[in-house]
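What follows is a single structure, written as structure tokens, with notes after it.
First chain written, first letter: the chains are A, B, C and D, and each begins at residue 1.
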Amino acid sequence: ASIPLAEFEKIESTLSITVVGASGDLAKKKIFPALFALFYEDCLPEDFSVFGYARTKLTDEELRNMISQTLTCRIDKKENCEDKMDQFLKRCFYQSGQYNSEEHFAELDSKLKEKEAGKLSNRLFYLSIPPNIFVDVVRCASLRASSANGWTRVIVEKPFGRDAESSGDLTRSFKKYLTEDQIFRIDHYLGKELVENLSVLRFSNLVFEPLWSRNYIRNVQFIFSEDFGTEGRGGYFDNYGIIRDIMQNHLLQILALFAMETPVSLDAEDIRNEKVKVLRSMKPLLLEDVIVGQYKGHSKGGKSYPAYTDDPTVPKGSLTPTFAAAALFINNARWDGVPFLMKAGKALHTKRAEIRVQFRHVPGNLFKRNFGTDLDKATNELVLRVQPDEAIYLRINNKVPGLGMRLDRSDLNLLYRARYPREIPDAYERLLLDAIEGERRLFIRSDELDAAWALFTPLLRDLEEKKIVPELYPYGSRGPVGAHYLAAKYNVRWGDLSGEDS
Amino acid sequence: ASIPLAEFEKIESTLSITVVGASGDLAKKKIFPALFALFYEDCLPEDFSVFGYARTKLTDEELRNMISQTLTCRIDKKENCEDKMDQFLKRCFYQSGQYNSEEHFAELDSKLKEKEAGKLSNRLFYLSIPPNIFVDVVRCASLRASSANGWTRVIVEKPFGRDAESSGDLTRSFKKYLTEDQIFRIDHYLGKELVENLSVLRFSNLVFEPLWSRNYIRNVQFIFSEDFGTEGRGGYFDNYGIIRDIMQNHLLQILALFAMETPVSLDAEDIRNEKVKVLRSMKPLLLEDVIVGQYKGHSKGGKSYPAYTDDPTVPKGSLTPTFAAAALFINNARWDGVPFLMKAGKALHTKRAEIRVQFRHVPGNLFKRNFGTDLDKATNELVLRVQPDEAIYLRINNKVPGLGMRLDRSDLNLLYRARYPREIPDAYERLLLDAIEGERRLFIRSDELDAAWALFTPLLRDLEEKKIVPELYPYGSRGPVGAHYLAAKYNVRWGDLSGEDS
Amino acid sequence: ASIPLAEFEKIESTLSITVVGASGDLAKKKIFPALFALFYEDCLPEDFSVFGYARTKLTDEELRNMISQTLTCRIDKKENCEDKMDQFLKRCFYQSGQYNSEEHFAELDSKLKEKEAGKLSNRLFYLSIPPNIFVDVVRCASLRASSANGWTRVIVEKPFGRDAESSGDLTRSFKKYLTEDQIFRIDHYLGKELVENLSVLRFSNLVFEPLWSRNYIRNVQFIFSEDFGTEGRGGYFDNYGIIRDIMQNHLLQILALFAMETPVSLDAEDIRNEKVKVLRSMKPLLLEDVIVGQYKGHSKGGKSYPAYTDDPTVPKGSLTPTFAAAALFINNARWDGVPFLMKAGKALHTKRAEIRVQFRHVPGNLFKRNFGTDLDKATNELVLRVQPDEAIYLRINNKVPGLGMRLDRSDLNLLYRARYPREIPDAYERLLLDAIEGERRLFIRSDELDAAWALFTPLLRDLEEKKIVPELYPYGSRGPVGAHYLAAKYNVRWGDLSGEDS
Amino acid sequence: ASIPLAEFEKIESTLSITVVGASGDLAKKKIFPALFALFYEDCLPEDFSVFGYARTKLTDEELRNMISQTLTCRIDKKENCEDKMDQFLKRCFYQSGQYNSEEHFAELDSKLKEKEAGKLSNRLFYLSIPPNIFVDVVRCASLRASSANGWTRVIVEKPFGRDAESSGDLTRSFKKYLTEDQIFRIDHYLGKELVENLSVLRFSNLVFEPLWSRNYIRNVQFIFSEDFGTEGRGGYFDNYGIIRDIMQNHLLQILALFAMETPVSLDAEDIRNEKVKVLRSMKPLLLEDVIVGQYKGHSKGGKSYPAYTDDPTVPKGSLTPTFAAAALFINNARWDGVPFLMKAGKALHTKRAEIRVQFRHVPGNLFKRNFGTDLDKATNELVLRVQPDEAIYLRINNKVPGLGMRLDRSDLNLLYRARYPREIPDAYERLLLDAIEGERRLFIRSDELDAAWALFTPLLRDLEEKKIVPELYPYGSRGPVGAHYLAAKYNVRWGDLSGEDS
């Protein structure tokens, strides 16, 4: 680990990680593999155990079998992989129980104590379970399975409520059993490599410093698209919709990191203070600054793709948006008047997550005539591609080599894959490690969450009360055209749909 | 051609290009091939002739033979190359004569008239001859071989004198026979692709605009190095030395383009006005801001390399510098206090020409601890590599992918060869075409030349009067260490000698 | 009042202000007059009472007599003054008691209840007492005299401890009885008109925005001087010294307001968050960046002035500084490298408090020759004079009218007295009103106080442990010359000692 | 004089100033008094003579009588005034002659030679005559009365033609007899104290540097108004109109000085180079960006004021504008998009000439609610009042002293009269002295004049060809309301018509 655990802690203390909801998909695909990766990289303390907890009855061995199917070793360090896997699996244990049974958590506590063998014990609970049982588990774990002499931390993942009110309720319920310090709300997008890099880029490079404001930036775009639909798993999604699922958390978190003022230090509290300031400076979203869409069935090349409402797990006639675009504004000195556009959708033509920063036109441009009238094409653009293929590129105008004076746009380009051939760790690894180490930078504080919901709740209520019908768009298309009209309203052109990029 | 010749001109007028000094090296290696390349690219008017003029007696055929040996076709357009060469060579003619004989030039005039056949005739003279006969040729050509009804232009190449006085004399002599409009002083570095691109980069990209000043730039370096010595051809060089040969013209011209204010238009006069302003804002060079070097013999890997003074064409005990480094300052609002460093040398370890812009440190850097104490390594740098392998790259700090927070420098990179696979035209092509088309942007005006000499003349006089002994450096080395002390005096570190680049 | 009290509150609630330490000087000179002024201006709620509390035995009438001697009416509203005074005095009552007697405070509670007559009651305690009894009073008041149904607030004035440790102890003791919300730590300098105006100037005037950073500001000076010494009242002072008395609180608070980033709103918490950030960005003071002085006796014009140590209340051989100058640095992006100088002293030649902002030199100044070599005289300076005679002026260079080109410095000037002929309210009025209205902007939060002590405590410890001997300066002089050497070390020239201002 | 004449020149050379058109109004009211003031201030060389030349027959004595009636002494140096007047008058001589008679100028030459007595002679001709005889006088003076051994200079005042063509003709005619160096085209507005000060303010004060661009300036206004009409002297005016009389020269010159880039030095050629660049960067004026007006008769307070067309010297039905407002744009990097508004008129309610710089709104203003919705009132404004009562003031927002937070606009103010009690020299003094000393900074070069006419000529042609009828406005009013609509089109509010200033 980059921040080495103190020698003392390594020897004398013990860590147990309990994955609550161990038999679920996320646990299998992401959490256990991430824990193994951390172990493989020597990032876990010497004395640790991993517990699965779920209602299903399993033996330790059955859990280990289940886990072992998804473990992989880092591409670049293949050796001893099998040994490492064996060692890891030996540290995995299982406890079955109801999620609301204090008694069963007391049983878990006994098992934990057994492994801890009287040492200073730190306990991490990862809640990989549906939100309706969050509070039950927190209650039981806190009352019956807290560490007596070390720390106890709980990782939860979204959804954190459906609106300001339900989120507030959830927080208040948590706080009956946990302090703010013990709650680690994950937004796994904050663990992405390029999102982590955002602060480094901004604050350690002088060349970006003067550019990062309304004086130079014309608009900023946060774009998330998936090239598949709900595909038979729309039950959960339909209750939330794309705005709650992607925008209000992932994209808004990235926006806050992008737009925040320089923090006084890189400590978690200082960064989160600045993020809250950005969120509080924003205008709540209005219905007129949002458009929503839903994908419909589509046939292409002999293959046919289903509509969202064809998904059997989705209620007939559902109005839940599978696509949304929104224009947001930050009413502070740095960003006054700059549109921050968001766009998120399922079943689109591509899979992508990126930040696009479009710069202003050069005033009094000497070269205007060389570009013809489409000045939008001639402005600089900084693109941070979060996935796939992490990259940073800055589009600049340059002269085409050759006689005469013809201008062209080229990219000053940094493709991670080319520069850093090692595998990039999964976001879950980073986040788990941070939670173990008590580093809260990438987790969401209660007041951040409140501020985020405050922005989106009026809009969500409006959408639902007015039964706004989403604009249909074909599965695999570029989404509803309404997104263009929304952009045009603020003199923006989506950067991901220009000819060169698509 | 990018700027198409008017239809009228194509049909009714005729162009003759007379290469005076046709049997010389430059003519053979650069000028005739460049003329052929222009012809091959359809950039010459329909009706043109090329004349060689020199003292040697040659037939047209002999000239053609000589020329044909250096003609090549563009890599990416090989077809019909042979045909094109034949067509070109048929337009080449020869006239022998003395350089100071008006009579011989009158003979040339007759031949020219014959080819022009009464059409509107434009005449371009390229003076590929030693400077001591410039004025003779200008006189003869002007008095006896000027066009009667079209334009007459004369291209000259450096050296334009040895100091302010001799340069002034030369200009005054030219002006007896030619107007300013007729004189095209070539600095072939101005025809380099990346030098041409400099104005495009600066003035058509908003992202560079705020950076281009003392507020963000810590220093700028202009670096020229050759990996060979005079090698038996030091006779001309010894009379001039590296400062006159490279710095006072090539590097200073690039500096002026780099540092000038935004011109009111891209017209030649407007750009040259701004370049003159920069030169006039500079402090004349002092001896204490310059160091000079000379290469000495060196053996490496069983091979031995000669000293400069081993060159039989170089006078024994010559003090002529083959290397120089200098710190210059522009005393205006944009650049006050920013060191502009120049370095030029022969017989160094590498062949390279580049501009390096080192940006300031980030104030109050949050990430300071991540870099250790060597803050010079952590600043941003913009590099414009003029040759070899034209490229632009911007060094930025970013997070190394992986767990933990480790910073690293990467390049946002644009390598011309990768982006523009076509062959990049030689500087001479561009300059010849511009002279034909009357585009003066890349040629040096008299007042520019005066201002350039005003900066360097006191230094050159000092060096010679005080018989300053150059610091010896081994052939093939990185040059004299004095260059580092000079840089250190102004808190600069040469960017080309850091570990990563060498 | 500008922020009108809700109608409801005016009618139904009652306010009592208890001045603990009612017989002291501050109470008589500042607090009661300020309360009267608020009453006179209709800023107090309709139903209010003022209680004096002290150990002395007094009747209500005696208290009223005592108070009435210092009441004055605003210059510009003389009418009905006598009536108003009578009305005010009728609302004043007295209760004697020990400061550590819960019983006596219970008696006070009874009296308060009597006046409150069952209405919603808000209670404000003003602790005008020595710091050693702060905690006793807070305990007694909190336990026995808190409001049962309204708010209870306590105003305290410095000293808040002598160093980080004692200040932390005090805060912890307060927090046993009071929440952060109930504690109003006064720094009466924050109530000064020009200090209040500082945020308005910075954040509502675009012209100051680009200037407010290291790019334009060369240094900032915070200057406080008194033209009298301790004059027989040095007992308290000697225990603290000028650094604790003026710098660590008044000047540092003004510095924080001056230098803070734009807050997200003008709410108290947002402003105080930003102030804490500035304080946390500062380097703790080092001995080498401070000089201390002490005044010595002096005779002038037949009159003789005593030395500090001539004061009979001062211990013989006291090393307590009566003068100090310090250089502070804020290690953030805005202020990196800009010296913030402070200077505070007693028994100097003038009485003054001001902020002086010295701007950088014009780069590449065209007019350099017109100023001769003393470039320090030619830079712009913004002066905010806090007292006496509040004024803002901006020194600019302009051409002296007349033939020829001679430059001169003039002031763009705003003298409050000329522009706003009304009397400016005393700082205590503003602060009392804010405390009544729950406006915390001008009060110091615990974490601010901690950060402030963290900066000064190492220095104070050093001074005392190393028994640093202060440089002596004559009573009525401009202070020790050491202050000039300290300034010179950072290329600063004190703005208040140039010829034109003294 | 500030720039002392060389000792040599004082002793050995002689200066004669010939006022051609000596009996005219301008000569009597401005030129002779200005010459006397220069003499009084010891700014003239020791050996000088003043000649009057006109068609009227006068003796030297009659000229002296005529002159003496308008001579006055500087307020602050009254002593010896009578003596000085006598000395001055003794140096004044008269020569009558026709303006187109070479013979008469030869007679003048004889008289000049007589006074020059064989010394090195410098001759200045001031052409105080109608423009139709400019060329005649220049021809005669140049051919017959040029100095043989010193310099000969000619001062002319507008009008310099009526449009690009006639101005070009005039320049070409001048250049037949004079070099550019000998022509001194006066724009007496350039001699005004505050106009002179403009460059000092801009370039010697760092605080203005960042503000002087589109990033901070919302618009700039150049306002000229007279409170009287043509009053029986409209003959000349009617042929030109307010646009040619005031805008195309006075206001445009000031605009160019205001907006130019930093010159490389303060030398005349460098400043004039930059002014030409500004003019060349401007878009020619379109009819739609201009409104014209003409005053009509009006009765007020029992007094009646005539219409422009009531003036007997004005042709019936004249469409000549006596008022115009225009919006101009500078298409360069500094000013792209910033409206530069001009307004000039006769017979308005006030007499005034000023530059008003309105700054942008504060982005994300924290204080917005404190200003209500009229944000135009809350922005900063810099006013340079050229006449009457020279002053500079900067309007800033500040807090109104007192409890509560109420904002207000105050002025940081510099009133020349208060700061510099000495009389400010007349513009003519400065200009005459500069012409004598060869200082060309305040005179207009031929290419400047061409560029100025290029901007206005299309508009003037349009106005005349389309017979645009001016909007009538009452004598003594604030001018036509059309000026407001023009301003509103570019989101501007005239600064001189807000409540506070009128």
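Here, a contact is a pair of C-beta atoms (placed from the backbone, for glycine too) under 8 Å apart; a residue touches a chain by one contact, two chains touch by 3 or more.
These figures come from a predicted structure and were not determined experimentally.
J.: Are the interface residues of chain A and chain D largely the same numbers on each copy, more than half shared, or largely different?
T.: same
J.: Where centres are the averaged C-alpha coordinates, which chain has the largest centre distance to chain C?
T.: Taking each chain's C-alpha mean as its centre, the farthest from chain C is B.
J.: Please work out the Cα centroid separation of chain A and chain B, and write it as a whole number of Å.
T.: 53
J.: Round to the nearest whole Å and give the separation of the Cα centres of chain A and chain D.
T.: Their C-alpha centroids are separated by 66 Å.
J.: As a quick test, compute the distance in whole Å between the mean CA positions of chain A and chain C.
T.: 47
J.: Can you list the residues of chain A that touch 2 or more other chains?
T.: 209, 215, 262, 265, 281, 332-333, 362, 364
J.: Taking the complex as given, what residues does chain D use to touch chain B?
T.: Per the stated touch rule, the residues are 209, 261-262, 264-265, 273, 277, 280-281, 332-333.
J.: Of all residues in chain C, which touch chain B in the complex?
T.: Checking each residue of chain C against chain B gives 214-215, 281, 330-337, 362-364.
J.: For chain D, which residues count as touching chain C in their complex?
T.: 1-3, 41, 43, 193, 196-197, 200-201, 203-211, 215-216, 262-263, 265-266, 359-362, 364-367, 370, 378-380, 382, 390, 392-394, 396-407, 410-414, 416, 419-420, 422, 424-425, 429-430, 433
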